[in-house]
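Please find the structures below.
Okay, so chain A shows up in both of these, paired with chain B first and chain C after.
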Partner chain A sequence: MIWYEANLVLIEATFINFLLALSIQIPLRVGVFSFAGVGSYGIGAYAAAILTIRYDVPAFAAIGAAVVLAAVVGYLFSLVVARLSGLYLAMATVAFVLIISVLAVNGGELTGGAHGLYGALSDLTTGGVIAVCVVVAALLTLTERGPLRRRIEAVREDPELSLSMGIGVVPMRQLAFTVSGALGACAGAMNTLLRTTVSPEELNFHLIVLALTMVVIGGSRSWVGAFIGAVIFTWLPSLLSVVGEWQGVVYGVVVVLAAIFMPTGLVGAAKDLHRRIRGRNRAVPTAPDDVKEEREVFEALSDDSTEGVR
Partner chain B sequence: MTTAQTAPPVLEAEDVAVHYGGIKAVDGFGLRLPAGKIYGILGPNGSGKSTFLAAVTRLVPLTRGRLLIDGREYHTESPTMLARKGLARTFQTVRLLPELTVLENVQLGADTNASGGRLRSWLGRDKPSEAVEEAIERTGLGDVRSAWPGELSYGMARRVEIARALAARPRLLLLDEPTAGMNHSERQEVSELMRKLRDEGLAQLIVEHDVQMMVDTCDHLVAMNSGTLVAEGSPSEVVSHPAVQEAYLGKRWRSHA
Partner chain C sequence: MVETLINAVTLGSIYLLFALGMSVAWGTIGILNFAHGSTFMISAMVAYYLVQQVSLPMPVMILIGGAVGMLVSVLTQALVFNPIQRRNPDLLKAEMQIVVGGIGVASVLLAIAQNLTKSVPFGFSASTFTIRAYWVGPVQISNVQLVILVAAAVLAGLTAWWLRSARAGLALRAIGVNPEVASLMGVDRGRMALGTMAAAGALAGIAGILLTYYLGSIAAETGDSLLISAFAAIILGGVGSVAGVVTGTMILAFAETLVVTHLSGTWANAVAFGLIFLVLLFLPRGIFGRKEVRRT
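Then we have the complex of A and B:
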């Protein structure tokens, strides 16, 4: 209990970061590299602060309104960037984050300018934050099994195949932007209400990097990966305080090593290991020997024959 | 050769052209595929066969022409509508989803036609439907149903592609080089399966450059070269057609340069 109280700020930050990581992970799961969730974090943070300070709205109503607002903005943004893909789309989403932070700085009295807003006092508790995260994780579990998971996999891996099988790629991407907006705003709003302040400095490049790192290291396919990433990168800086001024270097080395040796994240690495163990115990029936021989001949003759199966 | 008085052809393509800038990949090609028949498009590499299939499945826009399913124009509709109209296809290269098992890959094919409420077809843990089990059984994938695509031989992976298309219970099946990379006995098996499906009423359009396989399997052949039709008729007629021979063996040597 003493430990819990002493580390309350980090515990809360873990769950906030979990939601922020999810706002990056959701678009990634459908094959879209988007940082817009970080911008939504800003929208949520300011919306909740303004509603609480000016209109004295209860915490959950303020969070709810912030979430709906950012979801709508996320959807509209998806329409704007509908024709972009890959790197250009990623750049556009970075621009989105920058626009939100510029709006925050230049918002005059409404956003408090460069100083931000203070005194957003609410009755939001740590338990409330955890409850929201549990609900979000439960809902996301539904997207990680059965038919919805298959559709998401198809949209990410092969949009053309998805179309030919009747799976709408564009609606799926729009949905991802919308959900990403909602999750990012939820993180931003709850963070503001817990800390009682918000300033444009929070929407910096570090937040973008943090959000991405959590997903890359944790794993990009499941909310479990986002949660593991959130735990690691919320606690790592305080654990690394023992190395003093070398903290930044060690942090960087950990990230680089993880990216090299676990390209699919911790969850992906665990899954691969499980697959390998299962594969060893269960011989996969392959084609009979004569088939194999012919196949070898065929492969020797044709260079691209092995490329089809990934 | 028209069947105007009876049912319209399952698939009809009229004067289809697909141009990429100055390149005329398909230029004025057409066919009428009746129910319960296997039509084959024969042609050398680069003759426009796969582009034609892409046009038929609305993955590339038409420069010119009309496409009809059951006598209804569809070349302005979204490609996602085609699955609901009963069209399924396989691709020239194996396109299985690497993070789904063989069973899940086949299930994906059936998802479009999933019965029950819309929400139920999106959420929840589902047992493989009858159509999925049937597709797996007919393509002989029972033993590898829980394997990952990366563990399969090329021929096996091809079967999964066919099973995924069949799981949608289509009325029209488009197959782009379905037996590429298969050995002789596998080819025969696939050919036999296609003929069985035809007898059950499934219209099929095969694109292939394996002439023997096409002659053995198809009811009707259409030969294509440089994006246009060069010959059409029964398999034996088409393969012995001089224009087809020329397309495969290259232009005949002519003395005046």
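Then we have the complex of A and C:
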């Protein structure tokens, strides 16, 4: 209990980073490289701060309004960038994030300019934050099993094949942008209400980098990966205080090694290891239906994934 | 008025030197190097520590910057990007891992520089070079600006000629069109990639030295903001095209200068991001971009 009290800020930060990481991960799961969730984090943070300071609304209403606003913005943004793909789309979403931070700096009285907003006091508790995260994780678990998961994987691995099989790729991507906006805004709004302040400096390139590295290191296929990433990158700085001023170097080296050796993240690496061990122990591997189905999808899809690119 | 024009062209030339190698690497070997900004900054920093020991003339400083940039870029390619591409046959997945790997390299270099310089801006005041201003008719131009303009024009011209006319340039462009067919035709992809990254790093290093001379001093974080501007310029002109980079960097430099002189400084950042956005919407392949046949 003493440990809990002493590390309350880090515990809250873990859950908020978890939601932020999810806002990058959801588009990745349908094969879209988008950072728009970080922009939604900014929208959510400012919307919640303005509602709380000006209109004194209760916490859940402020967060709810911020989430709805960012979800709508996310949907509209997905219509705007519908023609883009790959790194071009990624660059457009980086531009979206940075434009939001410039708007925050130049927003005058509404956004408090370069100093941001102060005094957003509310009744949001740590328990509330954790409850929101549990609900989100439970909902995401539903998308990670059964037919829905196979559809999401098909859209990611081969959009053309999915279209020919009657899976709506475009609606799926629009939905991903909308959900990503909602999750990002939820993280931003809760962070603002817990810290009572928001400033444009929070919304920089480093927040994009943090969100991406959490997902890449944890794993991009499941919410568990995002959670592991959030835990690692929230607690790493305090653990790395041992190496003192060189923690930036260690952080960078960890990211580089993960990019080279663990392209599917920690969760993917653990799954591979698990499969290899099980395969060695059993002479005739009888995979459960779930895994078999997954393998069939991949076999069907992996035939033409390398040819004809560019 | 004419001086504002010259300042804009100088800024554009710096952008050009910086973005040229990045654009060629992205358009041909498919590597978008996020560590390009840190390569640029670390080259200027090494040159700064050398000039603190020995007072060096400007040409030597430029050579040192180019050599350091080349070394850093080659190491990044050999130790990070090449292993990633070897492990990921799928180009789209490799692209994302390369972006992440580049971010990692960038944060290592940035952390080293911030520790060594304590985030204090550094400059080349110990160099033997002194800035002089000349009057050409009614127009004032400094010798640093002249060097920057000449360097950018010569190096961009050389790159364009090499890509168009040299046999190796043809091979490099072939990789950009279709890596598999190019390797069937006997193009050594690994060697070409290493050479391209070496040239791109050298250009970044030279840009780092020249910008430091021009501004008087730069900080460890300067590379990051330049990276965003370079993205905007490359996307504006079209990835992989030299004419495109020249056009993109000049348009960006003029737009930024215009906004700073007519609006306020806080909006200048929005120019690059806004341009990226508008161009991607209306001209997704840029002004000079070639039509890319690519599966989504």
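In this text, the second predicted complex is superposed on the first by the 280 of 310 C-alpha atoms of A that agree within 3 Å, B and C clash if a C-alpha of one lies under 4 Å from a C-alpha of the other, contacts with A are read in each partner's own complex, and residues count from 1 in each chain.
Convention: a contact is a pair of C-beta atoms (placed from the backbone, for glycine too) under 8 Å apart; a residue touches a chain by one contact, two chains touch by 3 or more.
Keep in mind it's a predicted model, so treat the numbers as computed, not measured.
In the overlay built on the shared chain, the residue A:108 is in contact with neither chain B nor chain C. In the superposed model, A:127 lies in contact with neither chain B nor chain C. Contact with chain C, but none with chain B, is seen for A:80 once the two complexes are overlaid on the shared chain. Of the two partner chains, chain B and chain C are each touched by A:160. Contacts of A:99 after superposition on the shared chain: chain C is touched, whereas chain B is not.
Residue contacts after overlaying the shared chain place A:168 against chain B, while chain C stays out of touching range. For chain A, the partner with contacts to more residues, out of chain B and chain C, is C.
On chain A, the surface touched by chain B in one complex and the surface touched by chain C in the other have residues 160, 305-310 in common. Interface of chain C with chain A (complex): residues 30, 32, 80, 83-84, 87-93, 95-101, 103-112, 114-115, 176-180, 224, 228, 231-232, 235, 266-267, 269-270, 273-274, 276-277, 280-281, 284, 292-296.
Interface residues of chain A facing chain B in the complex, by the touch rule stated above, are 142, 145-148, 150-151, 153-154, 157-158, 160-161, 163-168, 221, 275, 279, 284-287, 290-292, 294-295, 298-299, 302, 305-310.
Residues of chain B touching chain A in their complex: 57-59, 78-84, 88-89, 91, 93-100, 104, 107-109, 111-112, 114, 121-126, 143-144, 147-157, 168, 181, 183-186. Looking at the complex, you find that chain A touches chain C at residues 33, 80-81, 83-88, 90-92, 94-96, 98-99, 102, 105-106, 114, 159-160, 205, 209, 212-213, 216, 245-249, 251-260, 263, 305-310.
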